Amino acid sequence: MLRFLAGKVTRGVVTLLIAVSAAFFLARGTGDPVREMLGDLAGPEQVAQLSAQLGLDRPLPVQYAAFVGDLATGDLGTSIRYGTPNLDLILGWLPASLQLAAAAMVLAVLVGIPLGVWAALREGRFADRFASTVALTGQSIPLFWLGLMLILLFAVTLGWLPAGQSTGFSSLILPAVTLSTLPMAQIARLTRSSMSEVLGEAFLDATRARGVARWRVVLVHALRNAALPVITIIGLQTGTLLSGAITVEFVFAWPGLGTLATQAVQMRDFSLIQAIVIFGAVVFVLVNLIVDLLYGILDPRIRDGVA
Amino acid sequence: MSPVLELRGLTIEAATAGGRHVLADGVDLSLAAGETLGLIGESGSGKTTTVRSVLGLLDRNVAVSAGEVRVLGELIQAPGVQAAGRVRGRHVGMVFQGASSSLDPLMTVRRQLREVARTHLPRLSRAERDARIAGVIARMGFTEVDRVLDSFPHQLSGGMRQRIAIALAVVTEPEVLITDECTSALDVTTQAEVVGLLASLTAASSRGTGMGMVFVTHDLMLAGEICDRIAVMYAGQIVEVGAARELITAPRHPYTRALLAAIPRWDGGEVRAIDGTAPRVTEDWPGCRFAPRCPRAEQICRAGEVPWAPLPGGGRARCHFAAGDGPGAAVPASSARR
Amino acid sequence: MTAVLAPRRPASGRPATRARGAGAVLAFGVPLALIGAVCLAAPLLPLPDPAAQSLSAALRPPAWLSGGDAAHLLGTDHLGRDVLARILYGGRLTFLIAVAGMLAGAVPGTLLGLVSGFYRGTVDAVVSRFVEAQLALPFILLAIAVIAGRGRSLSALVLVLALFGWAQYARVIRAETLSLRERPFVLGLRCAGVPAPRILLAHMLPNVAGTVLVLVTLQIGTVILAESALSFLGLGVVSPQISWGAMLADGRDQLTHAWWVAAFPGLAITTVVLLVNLLGDAMRSWLDPKKRRY
């Protein structure tokens, strides 16, 4: 188990290093951020001055070394517009995002898994087609448009729910439902295919022959065995959730990281954008590390290194 | 004494795109307490379908269309009757082919045994159930009981897994144990171990009367070793039933003879394969099902239903020529029946 | 062998299944092609100029509502521009970006997948870590970082979409190649001394082509969604260019009093992406009856 853990952590660190390096070089190597920040009217002195101030006049390898060194000490740089450390800004805006993401994920799991199980149990019949269509539609709708339409229906026309950032639980409903659509669809689809594969396995017949109740065979034995790929997709969804949150938070004016990122873009706060990208990558790698460890706990075969 | 398991005229049909197929046709079998009955046939003969129907484990397009199954005298299968839930695991245990695929890979042996014990023995205390579990594992020939109980299936060998599967079937002390090709995937020494274990289980149980066992296999010699009686199945029908020794030393149905002749022998005797393949039977199949492959089939064989012929040793065979003496004796059907 | 729990359909012949698969491919492919053709032919159709502003005709509702105008079937936006015309003209750019973004990801992704699956070892380890790293970067954030550095342009958009798409191809094609390289015909070619690049391009590539085709189809839907999200955030196409995502961004501000400005472009996106996804699914079960998951 210890070797399993060490291997996963090493891979996670390497992945993270590649991801942040990619973010660094893509942002600096492909264009001129200072020119973008100042606009076309700025003179050469202004450009030079800001470049020096941001340390962008140094050779790229030097910049990169400084960047990685800062990262290693947990320093994500300083915001150009706010003048405060990026990490503080991010942590300040994070709770609202976490709340939204958690609500959306809980909703996605609570709807997606039962939908997938139901479809698998009725493979090829109406219920299956219905669930598949719902899931496929969920994968095809632009989240922000769905958000707009939900606002139109429930906030503007019916007036049942608040459309945005007002306080309280009711303001969480529309954004969470919107954001949950994509993970819900993918969880439902994967649960269905994983479940229908497991349902064909002989050990379920054997368990049934021992007199174990049908609901227990489905919900305990089959679902547990079908859960592994579903857990993987839940981990991978955190990345999508972070991306999706940007447009959804924008639509609902939700005071989270997504809104911070959109503001950073509008203000050309190039340092803050980069810090948010890196923060997102760290969260993603951490969540997937946890998923990998969960895999080892749930499946003894993986822990023992067989199959 | 009344039989613990009884099949009467059991007919099972499958609805497929190509029409209705008869998988089992009028199967009559009965099993007494403490008795071991072998059910022999090639793959596709309907033996697995027959025994799976007892526990209601048929595919969705397969159903009992006539006849009945009784366990301990209670009707559990008939057209429109599906009461397998009442006996599954409690009165009828089943062990399948391929032990590795009959255990949940994500649960320890202990949890799987506890689940079955909790389902069927709710009156016992947890400690009593655990004692019962430890006892059954010890009876399966394991010495390190706790180590085995705490293992996951993948940590055990194939033979060990099959013994666990048997433990799961007998922990509730059922009156009937059905084993479906449960030794086929094992190597020869492990197979001998498992067969020995099964024989010891039927010999005597704690309740005094032995457990009855249906031993499904394609291996006639193996069945001869362990069974009291043997039933031979061909294309959905029982074609010969008799005491094991009798059936193997003096087979009366040409198909049983052909099966015996197809077994490689240590004395260098000639091995003869059976020509052709078993038919897929649709509803109206005239006459003997083995006739197309039978070396001595005559006009009468293809004419209509073949009646049972009682045999000297107490068995019976579904053949016009069964009463004749020895191979090659061509006795007219009319005189054979008289 | 059997399953009580999973209802099995009676064995159906493979030819019938395949015919049904081909039918499904047509059922989704034909409407999709029609939509594409109508968008392409937009300049030939009797439509108002999509860029023509007319403040007196601003925010007209769709023709079937009171106050609607038959000249503007789906109504007009806040500058009096015809919504239907803008959807059709916007579709041209949307499709163009989708295809360009898809190709820009599919070509390098497929090649990397082939190479890493075939050579394995170090190459494979490196490519696989990069695939994981790509998955770790939240796409829109990555796009924001790139566009913040380069400024908004069509080429920046296609670059971002390529960065987004390649990993999916590399991952799936790698797995396919890994199993393909153990097949007897490949072993035979290698024993016969056929050079590796030739085996890869002349023998392996045709064998993974079906999978690539399915992935490409499914990816087009994802790319359309990604483009619309970026344009919606103001990181995509620049006015006066029209894409569906950009139209949605305009419509957002009119949402409370002119729902049609945002509703119809979104409906267009959903319809097209749904058709593309259905087509991809149909192609997968048509080309790969074993229904592998990816």
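So that you can tell them apart, the chains are marked A, B and C in the order they are listed, and the count of residues begins at 1 in each.
The rule we apply is simple: contacts are C-beta pairs under 8 Å (C-beta built on N, C-alpha and C of every residue); 3 or more make two chains touch, one makes a residue touch a chain.
Quick caveat: nothing in here was measured; it's all calculated off a predicted structure.
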Pair of chains whose C-beta contact count is the highest in the structure: A-C
Farthest-lying chain, centroid of Cα atoms versus that of chain C: B
Approximate Å spacing (C-alpha centroids) for the pair chain A, chain C: 20
Between chain B and chain A, distance of the C-alpha-averaged centres to the nearest whole Å: 54
Of all residues in chain B, the ones touching two or more other chains: 57
For chain C, residues that touch 2 or more chains besides their own: 2-4, 7-9
Per-residue multi-chain contacts in chain A, two or more chains: 201-202, 205, 208
In the complex, chain A residues that touch chain C: 11, 14-16, 18-19, 22-23, 26-28, 30-33, 36, 120-125, 136-137, 139-146, 148-149, 151-152, 156, 190, 193, 196, 199-202, 204-205, 208, 214, 217-218, 222, 229, 236, 239-240, 242-243, 246-247, 250-251, 261-262, 264-266, 268, 270, 273-274, 276-277, 280-281, 284-285, 288
Residues of chain A touching chain B in the complex: 201-203, 205-213, 216, 221, 224-225, 298-301, 304, 306-307
Touching residues (chain side chain B, partner chain A) in the complex: 55, 57, 85, 88-90, 93-94, 96, 98, 101-107, 112, 115-116, 119-120, 152, 154-155, 165, 168-169, 172
Sites on chain C touched by chain A in the complex: 1-9, 129-130, 132-142, 144-151, 159, 163, 221, 225, 228-229, 232-235, 245, 248, 251-252, 255-256, 259, 262-263, 265-266, 269-270, 273-274, 276-278, 281, 291, 293
